[in-house]
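Take a look at these structures.
The two complexes that follow have chain A in common; it is paired with chain B in the first and with chain C in the second.
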Partner chain A sequence: MAAVTSLGESSLDRPAERPRGMQARRRRRLNLFRYLVFTVFGLFFILPLLAMTRFSLEGRTLGTWSLTAWKQIVSYSFPDLPPLLPAIEITLELAVISCVIVLVLLVPTMVWIRLRVQWLSRIFEFLCLLPLTIPAIILVVGLAPIYNFIRHYELSALMLFWAYVILALPYAYRALSAGLNAIDVPTLSEAARSLGASWFTVITRVIVPNMWQSILNATVLTSALVLGEFTIAYLLLYTNLQVELFSISRNTPNASVIFSTSVASLMFAFALLLILSFAGRRRQRGRG
Partner chain B sequence: MTSPMTRTQDGTARAGVEVRMDGLSRHYGPVVALDKLDLTVQAGELIALLGPSGCGKTTTLRLVAGLEDADAGRITVGGKDITHLSASKRDMGMVFQAYSLFPHMTARQNVAFGLRLRRIAAATRDKRAIEMLELVGLSTQADRYPHQLSGGQQQRVALARALAIEPQVLLLDEPLSALDAKVRAQLRDEIRRIQLEVGTTTLFVTHDQEEALAIADRVGVMKDGRLEQLAPPTDVYSRPATSFVAEFVGLTNRLAGTVSGQTVTVRGRDLPLVDPSTPAGPATALVRPEAVTLASDSTGDSGPLVGTVIAVTFLGATSRVTVDLGDTTILAQLTTADAAELPAGSRVALTIRPDPVLVSADSPALSEA
Partner chain C sequence: MAVVATTEPGARPARAGRRASIPGWVGTVPFLAYVGVFLLLPTGIVIVDALKNPSGAWQFSSVTELGNPLVRTYFIGSLKLCLISSVIGAVFGAILAYAVASGNPDGVVRRLYLAASGVLAQFGGITLAFAFLTLLGPVGLLAHASWFYDFPWGIALIYAYFEIPLMVLVFMPAIDGLKVQWREASENLGASAWQYWRHVGGPLLAPAFIGSTLLLFANALSAFATIEAWESQIAYIVPQQISISLSSEVGLSNINYADVLALGMMVMVAIIMTGYALLQRRASRWLR
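Then we have the complex of A and B:
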């Protein structure tokens, strides 16, 4: 269609105006395309959320509105169940611990591989991406004996971080690898070394400040993963936020609570990630 | 050469140090990057390392800087063996061929980085950083980030950063190769001026012969990981040690001739020899294009050296003229004004100035420009 139009126009005797007209039309079409894509995907994401929210506001009889399900989360007090707050706390702690461990493990290792043992990089990448290919259920079967052993000494759900660090590896690796690709690690670190920097200084003062964005991305991805994780915690009999929400909805006669808790947990995660990425942006602007 | 004793900014006298490399070798798998290199840079001296791509210039610098380990050999600085010292303890300033400023720091912070690592007080550090930026003419750009600076400015900041730590030794790896001709000449002279002012022992790597000849106290010409010749620029140019040096540094005509005693006879002219101990017999003389002068040959009786101009290459102030001698061609370098009178096709008479020439050991039959 486009080709036909522009060909047809080229026979007109206004050659000077043609390119601009063509560009404007192309731009308009591109914009239209953008809006279309945006709308379709927006609906795709928003509709289920809206539906969920609507269900969570369902009253006693069908078609009425009520806040009961939401109130039930807040004033959550089933006598035989622990309250929600500890679950939130433990999940946040898990997120922080997992992020720290993933970064501490990956950043120096990846810098080191880039600088000194380039041939290892393929193997390392493969190892890091491996968890993606293992279904959670198999992971649990494999981890169960280890967790039986761990539980012997320590009961806290915090021990889940072992599993979460492994689960987060592929995402964090990808994010960090993109950041490292964007800077000339060997030259920068050699420059710093020749100015008298130790390896530790090279990493903390030269490499890391230049890959904040990707470190932030790795953090966001890891946190998102931990905040939304259900399967492993549930199967290993630990209680994190998702497991808690699940048990709330199971133990209440009001079906709407399932939806109010889901929406609540989504909003919680969303707010947290938003804060994280804003903090990072501020930092970037501060030095740019 | 300059005196090694110079004054630093704070007025303390400082002696440059001598850098010695003894039998330095480095292999990369089967590739011999450096082959038992012996090189001594005297205190306060600037040596330019010149050579074709892959001859081991960068490897030499990286070994001296400690960024790479030697397979064999010893490096001493001021009499102290530093072969196994870590790069961060060597106190050497290095400017890399690639842009190496820290992108997250301003020019001033980049320059101050080395001082910060040396735990120098913030005020002193800042003052010194600004002084250094002034030295390279960039004090007005102190608060710009690298991506806001041009390539030449970035390299100048890198130079200031290397100088700020007042290193004993300055290592420059083709610091100017990314720049255009004009900035390059400017910055080259600036580097030389600063180096003389500060008196730092300097190794300057380049593959640009003009740069090497212009800036150095001595020029080291390298080939396949070895030094072919180490001599002052004028000697490297006019008294090359080997035919490789002669051909690498400047263009050279290869003309068949006969050696007898102290001279080589080329087409009826006797030219003195660089190396008087050359064995007699047929040989190839290496004659510089600028030793060849041309005159219009209208009469046709100028002796054995006449030819026909086949091409004139304009180079700016000078022009290069290719002359057909019948059995071979010869290059002459003339001022453009002189060359203008010799259009292609004109008959010319050649004179070869009796500069000392080098005789190549290899097959004398080949005479190629």
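Then we have the complex of A and C:
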């Protein structure tokens, strides 16, 4: 009797329990799969970076450790090459200029199109995303004659920003348009206008503070792009950080300064993106 | 009726006159001018110059040089490299994206992988070739891989390093769009994990997956810096050949060689990106 009731109970329990048991097993299998994937891919991504870091810390003889290469970042120069430090400076300046121009060009235009000329928005989006279809290596062929013209007036490598703004357009556009979609631009600007604000005030003091996060996003993406840009600078015969690293490596293969500078610039970009990702979270929480 | 008509313009008397005289599109002129000069003009130059000879006369036969056996080897090289690296990148990137997406949506792992993907997808370039050189090259720390300088497999491995993160970035939204309810529904109907992926998850993700693969393909097609730093003596792919013909006059002297190659690439990328856009639209039907 006892056996029968217990059997009956367990057979009643089982259908309710089984899915939960399967779920748990599936969950365990999934977690196993996840940790396996993270380990394998983590190794694939981290090993080349570790190897490069190790090379950047190589001493004078093989197998020793030294910080020489890291100190060389600010002092390195080679007889036939331009020194390294100016190349770094010019790249950072280019990043700043490109970010400013991208924002000045895109933010007011995007707000304006949303408010006044809706019918242009399709064409605008197409133009902004067009550089994805015309990559740097193609663009540079057509830019060569234009830069021949620019060189008549200004020789500085800072002139590269004209092209970099175009390369950054698609990324900046996506970031900014996500920000603008999240706020009600017409209502905000009508409210401000009816209180007597000028268009300049509307953009700088009403719209921009409301889309701060996406502006930060666009800035970081643009700087990362400029810091890593090689094709256009190299083929238009300008010297930026990447071109400089390339020429050093051609002159003295395995010069440890190229590894220390590469690691430094990578860490810089990674830190930027990580800060951005955490800043985004805090803001969202603060709002929620 | 008449009342409405008189109150409308009466609400903003100062604006009414100005709005009639200045059309709205004037506000977008700075943007259009910039894009016109630095994006549309270079594109136009490439197309027009490809159809002209170096002395400036029209010569439509230039385009037939794309069928030249020598030129064809570069295009075949490009296709090989892009096919291998985009398929590797898409498959492994999708696995990694699924592993990341199935975890905590606000967790550290996801944040770390997304930030790292953002950097690594953008930051290919010169640095990447250096990193793999220190890991697997002739002086590599992990191995002195004999196949490191083999085309296409050696370079395809390096390309995978930026293709996988790009896949994570573009494919993640599709995986996030898979609703838990669909999985629960199929489990309640007794489907195994395999059946779920075969009949529900797989078909839903297929357009996004193929579309993302196309984007990876276009990305590999236009990459130049990495392969140039990996091997700058021998040209394997079209971008390298464009670079050579831009910086020297050697080559087929009776046509604008760089422009013809660039036009060929432009057509390829345009076809791929159109396919990508169509598949994205198809994918977004379910995943929102």
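Here is the rule we use: the second predicted complex is superposed on the first by the 191 of 288 C-alpha atoms of A that agree within 3 Å, B and C clash if a C-alpha of one lies under 4 Å from a C-alpha of the other, contacts with A are read in each partner's own complex, and residues count from 1 in each chain.
Just so we're on the same page, contacts are C-beta pairs under 8 Å (C-beta built on N, C-alpha and C of every residue); 3 or more make two chains touch, one makes a residue touch a chain.
Quick caveat, the model's predicted, so the values are computed rather than measured.
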{"item": "Partner chain(s) touched by A:Leu188 [first = chain B, second = chain C, both, neither]", "value": "first"}
{"item": "Which superposed partner A:Phe259 touches (first chain B, second chain C, both, neither)", "value": "second"}
{"item": "Partner, of chain C and chain B, that touches more residues belonging to chain A", "value": "C"}
{"item": "First (chain B), second (chain C), both or neither touched by A:Ala197", "value": "first"}
{"item": "Which of chain B and chain C A:Leu92 touches, first, second, both or neither", "value": "neither"}
{"item": "Partner chain(s) touched by A:Val206 [first = chain B, second = chain C, both, neither]", "value": "first"}
{"item": "First, second, both or neither for A:Ala178, with chain B first and chain C second", "value": "neither"}
{"item": "Which superposed partner A:Leu84 touches (first chain B, second chain C, both, neither)", "value": "neither"}
{"item": "Which of chain B and chain C A:Arg250 touches, first, second, both or neither", "value": "second"}
{"item": "Partner chain in contact with A:Val100 - chain B first, chain C second, else both or neither", "value": "neither"}
{"item": "Intersection of chain A interface sets (partners chain B, chain C)", "value": "none"}
{"item": "List of chain C residues in touch with chain A within their complex", "value": "24-25, 27-28, 30-32, 34-35, 37-39, 41-46, 49, 92, 95-96, 99, 102-103, 106, 109, 111-112, 114-116, 118-120, 122-128, 130-132, 134-135, 139-142, 161, 164-165, 187-188, 193, 218, 221-222, 224-225, 228-229, 232, 239, 242-243, 246-247, 258-259, 262, 265-266, 269-270, 273"}
{"item": "Interfacial residue positions of chain A with respect to chain B in the complex", "value": "183-184, 187-188, 190-198, 201, 206, 209-210, 287-288"}
{"item": "Chain B to chain A touching residues, read off their complex", "value": "65-67, 87-94, 96, 98-104, 113-114, 117-118, 145, 158, 161-162, 165, 171"}
{"item": "Interfacial residue positions of chain A with respect to chain C in the complex", "value": "19, 22, 26, 30, 33-34, 37-38, 41, 44-45, 47-49, 51-52, 54-55, 105-106, 108-109, 112-113, 116-117, 120, 124, 127, 130-146, 162-163, 165-166, 169, 221, 224-225, 227-231, 234-235, 242, 245-246, 249-250, 254, 258-259, 262, 265-266, 269-270, 273-274, 276-278, 281"}
